[in-house]
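One structure below.
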Amino acid sequence: MLVVMRMEATASQVEAVVEAIEASGLKAHPIPGAQRTAIGITGNLGVVEPTRIESLPGVLEVLQVSHPYKLVSREFRAADTIVEVGGVAIGGPDLVLIAGPCSVESYERTLGIARRVKAAGARLLRGGAFKPRTSPYSFQGLGREGLEILARVRDEVGLPVVTEALDIDVIDEVAEHADMVQIGARNMQNYTLLKRAGRCGRPVLLKRGMYATLTELLLAAEYILDQGNGQVVLCERGIRTFADHSRNTLDVALIPAVERISHLPIIADPSHAAGRRDKVLPLSLAAVAAGADGLMIEVHDAPEAALSDGLQALLPERFEELVAEVRALAAVLGREVAAYARHA
Amino acid sequence: MLVVMRMEATASQVEAVVEAIEASGLKAHPIPGAQRTAIGITGNLGVVEPTRIESLPGVLEVLQVSHPYKLVSREFRAADTIVEVGGVAIGGPDLVLIAGPCSVESYERTLGIARRVKAAGARLLRGGAFKPRTSPYSFQGLGREGLEILARVRDEVGLPVVTEALDIDVIDEVAEHADMVQIGARNMQNYTLLKRAGRCGRPVLLKRGMYATLTELLLAAEYILDQGNGQVVLCERGIRTFADHSRNTLDVALIPAVERISHLPIIADPSHAAGRRDKVLPLSLAAVAAGADGLMIEVHDAPEAALSDGLQALLPERFEELVAEVRALAAVLGREVAAYARHA
Amino acid sequence: MLVVMRMEATASQVEAVVEAIEASGLKAHPIPGAQRTAIGITGNLGVVEPTRIESLPGVLEVLQVSHPYKLVSREFRAADTIVEVGGVAIGGPDLVLIAGPCSVESYERTLGIARRVKAAGARLLRGGAFKPRTSPYSFQGLGREGLEILARVRDEVGLPVVTEALDIDVIDEVAEHADMVQIGARNMQNYTLLKRAGRCGRPVLLKRGMYATLTELLLAAEYILDQGNGQVVLCERGIRTFADHSRNTLDVALIPAVERISHLPIIADPSHAAGRRDKVLPLSLAAVAAGADGLMIEVHDAPEAALSDGLQALLPERFEELVAEVRALAAVLGREVAAYARHA
Amino acid sequence: MLVVMRMEATASQVEAVVEAIEASGLKAHPIPGAQRTAIGITGNLGVVEPTRIESLPGVLEVLQVSHPYKLVSREFRAADTIVEVGGVAIGGPDLVLIAGPCSVESYERTLGIARRVKAAGARLLRGGAFKPRTSPYSFQGLGREGLEILARVRDEVGLPVVTEALDIDVIDEVAEHADMVQIGARNMQNYTLLKRAGRCGRPVLLKRGMYATLTELLLAAEYILDQGNGQVVLCERGIRTFADHSRNTLDVALIPAVERISHLPIIADPSHAAGRRDKVLPLSLAAVAAGADGLMIEVHDAPEAALSDGLQALLPERFEELVAEVRALAAVLGREVAAYARHA
């Protein structure tokens, strides 16, 4: 941290800042300049509130130098974390495709979609049982019944399941039925839920809030790791901007940025970013090319009848084509889209 | 495009719009309804300036989609909702000032601040017991102990209390101790919490998420009203933009926009938008001038020692000055900053 | 400036950075910490490209400490600049209202509007002769004829005139006919135009680009001052965000931020931010309450027939009401809305 | 709301949409046109999910407003436009790489870089002679001398040249010396310059403003086409958002969006979006995967000594690696990175 003093700050004001820093058990390093003095701070910066120092007379601003996350950073753990979900490794050389309907609508439909996406190359099944909906009048998901359908389909088809826990009242049930617990974009800073996810006993898929900076995303993951759960996969799903040609703006630069700073895997959700199916394929390829460890894609066999987000769901045959293109692209990047054996 | 005429539009006004449309080389398709007439437009819409038609007499608006909220809208309820919190009316002619520390730190400190802000003109006491913090390593609030301190201070000083419920595990306790339950910006789309707030038996202060559109804010309130709780106050606290001279961008235009569409009161939180105390006063005045029904201001008697957000807290004496300026401004706008009697 | 070294940086890498700094004629101040070394830089920072140092091995990042503008800053000139436009002082105690049509459409109409707004309290007349339009098929303004109309109306009515110079090919003519030259939001970083504005011999009204940070706005003004023209008024007119309830988001916090850092006056343009006339009044009051030195308001006597932006123009009678409210508000803030004598 | 059917929609598809609308309790008003049928919808539109109707067979889209551009749209010209720059075709099957320094600094340096990038696979040389700089105190480019250097290097090395025209005072000279005229992001709405670019006799590279919507970008191009110059290449270079991990947010979804609506080629500039060289490669691959027709990359042989933007420039050897990766990726997508013969 660096304290920048005002040009008119007096010597005794500088001294007072130095004393305040050292009273916190830190070391102060005054740097007198031609126009103003700056004061470097070293030591365990976690204990100091920068705003306190910024309140002292004569201080212009306090600049953060080191970042506030620890457990998620490569400085803490250099090697890539590999998250294992029902036997599927996310974050290793294989690209992992997660696919399925936006919402679980019925056993038969979910089963049919699961078989199609597995045959096409998906390794995990997605499907919402509890749905976060902007309007109270929209379909809210089948709830517990949806969880049971997912578990039955998993047992029948052999695809591990990821589904969202909307809040702490259902996370235990979600963790019981699913192989991976999803924290949605709207809940990325629901700290009570993050802490419980850190103790839920399942790997966690943490989606970036559509307003969240990289640091905020990493700190949200830090809440989970801090509770002892290191099995976290991050997910870029588009941020909110003024651009109106896609529902959200897929921020592909986040992918290499995460990979540089953190050891956690990162995947992309092109379906929610696109908002329309005709952009799902190009965004999928872009995310993989940028280094994503996997993709989460919405697939539905009758999108025009879907109870939510039908406009962005791919038909199973379009998903098959997407997998073929992703597979070819991955090969060029030295990765593989591993699939289950056909007879599985 | 669809032109929606006012209910009181005359037949000749409808005709004038039809003529204006056809004068542009387009085709007009009047659709008479039970309450009003709409006019579909076909042809090469590129040549028509929608704003011109919207300027014609009798035209209400030129529409794309209707809005998905109901209970919160003025179409559902024309009269202003007045929310009563421990005897204080929010949404009526009086401007209501809510003040207090960011976090409850101790009984003595909270008591001292409460006495100062009450004397200055505040009608409600704010103070966080459960704090949403970006980092797991920041001070998380005193929790239950904080709630009890707030209740004791309320009884001692006579200021009703508003404090945040971070999630459903604590909302009952918050509702038991506080006079008003706050839903924070990060939880604006925590639907489980919103539904519970709709059944908590207390008025609710709902803060706008820093990425939320007006429609999303109103739909979040709709979740609460839909559960039977009509006592909701909205709060503008700044949105996230690229601008870096304030922590968030206070969106004052939201205030008249809410007042036009919804019967719910709306206040502003200039402290969080500003991020620094030197901008709290101008943003407070701006929000009041734009029509806010009240302000929520952070006040601390030793900001440099505050456990959170010390940089934006006002000293009690600065808050007194702010109240004086707000009071003078309110008088010009035909409103009053009612205060408790000095001997209270 | 502060150079932050990576945790794994070697001693010789630190030394190389120190040498590079000193080779630029600056002073380097190494600050060894427990985990990493930082290096403070002092001296004339204008000469160093931070990116050069950031390219050296072992460097994590280079943090800016001091700001890159000079002439516009209060550190350079402490006293408020007062800009004089045809005898009207902007930036002093008086609030200055600028009003008129979006586009100059005809002599008669402009004359009529000018008389109405002058009688209501406006001190300057606005009106576009050259119009920046998103589409090549929209009305582009009357051009030179518009300038002549403005000059005739000024002579007839006695209101100094401000109008936009779209580019360097017309700025001399604009400067010849108008009392103040406007640089529009879309041209805020048209550096050729800014430099010419700095030599045009007229005061300049510089509108903030809808994507511009405070620093970029101040640097755009710096281009003008750097050419010897210190008569610059800044104008906040709304930034582009995701919010869709107003055309742009009026960033009222910019006003006190400018006043703290710069000696230049700042006014607001609520008409373009609002996009609809029903929000012009609340945004006007908000801007004045936040400390604006004036307002620029679009007024038209037949908005439904306006050739541009009719939806946001006020009728003259609404403008009169607005002036009355602004005047009352200004009085509370210790300012005055000075008007011309009625007989003028 | 207006449902627009596909031109090839059958009568029974139209009927199915009408039935779906009426099944929701709404009224459908079919409006048969010369080319296609549209269907107006009346009733309580709150109950209808527009996305559901948009999912029905035969439906093209559910519309609010039609778009204001013409010449740039695929409705005007269905076939891809191929822009030819000094014998190089942009917009055809070949991916075109444009590379070179941010600024032209000297003949020798430019010559050396040009030889390296040509050998690596670049087809065009970029290099700034006139530089738009945020600060008046930054290096502003060599100006005319820079243009002459570019022309000499072009003649020597045989790479066509693209360089920016900052304003109308220099566009003729730029057009005389260069093979393609660039309009920079800050000038995307400099309409005077756009019109002149439409008459400059050279192909134009039009960069998206960092605040511009897709519609605004297309309308800026429309200004150029409207003057008779159809040889326009669009360029995505990142938009301004709150995200701070890259300088701007590369909006890869713009690429397929442009390709769907417009016949003009679109390339990407990953260097400016990234702001740091370590993100140039992943963003390059992402843009190509999303369908870009080419890339513009900054390359410098001594980035730490560059006079501008050194932090984002690639060393020639890194550029060679990038070309190899892009070439492999392009092959998968059925495109080619054509290069000049080695002996050229």
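A, B, C and D are the chain letters, set down in written order, and residue numbers restart from 1 in every chain.
Everything that follows uses one rule, which is that contacts are C-beta pairs under 8 Å (C-beta built on N, C-alpha and C of every residue); 3 or more make two chains touch, one makes a residue touch a chain.
The structure displayed is predicted, hence computed values, not measured ones.
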Neighbouring chains common to subunit A and subunit B, by label: C, D
Winner on C-beta contact pairs when B-C is weighed against C-D: B-C
Geometric centre distance via CA averages, subunit D-subunit B, whole Å: 41
Distance from the mean Cα position of subunit D to that of subunit C, given in whole angstrom: 30
Overlap residues in subunit D, where contacts from two or more other chains coincide: 46, 68-70, 211, 240-242
Subunit D-touching residues of subunit A, taken from the complex the two chains share: 137, 211, 213-214, 239, 241-246, 249-257, 260, 273-274, 278-279, 282-283, 285-291, 303-306, 309-311, 325, 328-329, 331-333
For the subunit C and subunit D complex, residues of the former touching the latter: 20, 46, 49, 51-56, 68-69, 132-137, 166-169, 186-187, 189-193, 209-211, 215-216, 219, 222-223, 226, 240
Complex interface listing, subunit C residues touching subunit A: 2, 4, 7, 27, 29, 31-36, 38, 40, 42-43, 63, 65-66, 75, 240-242
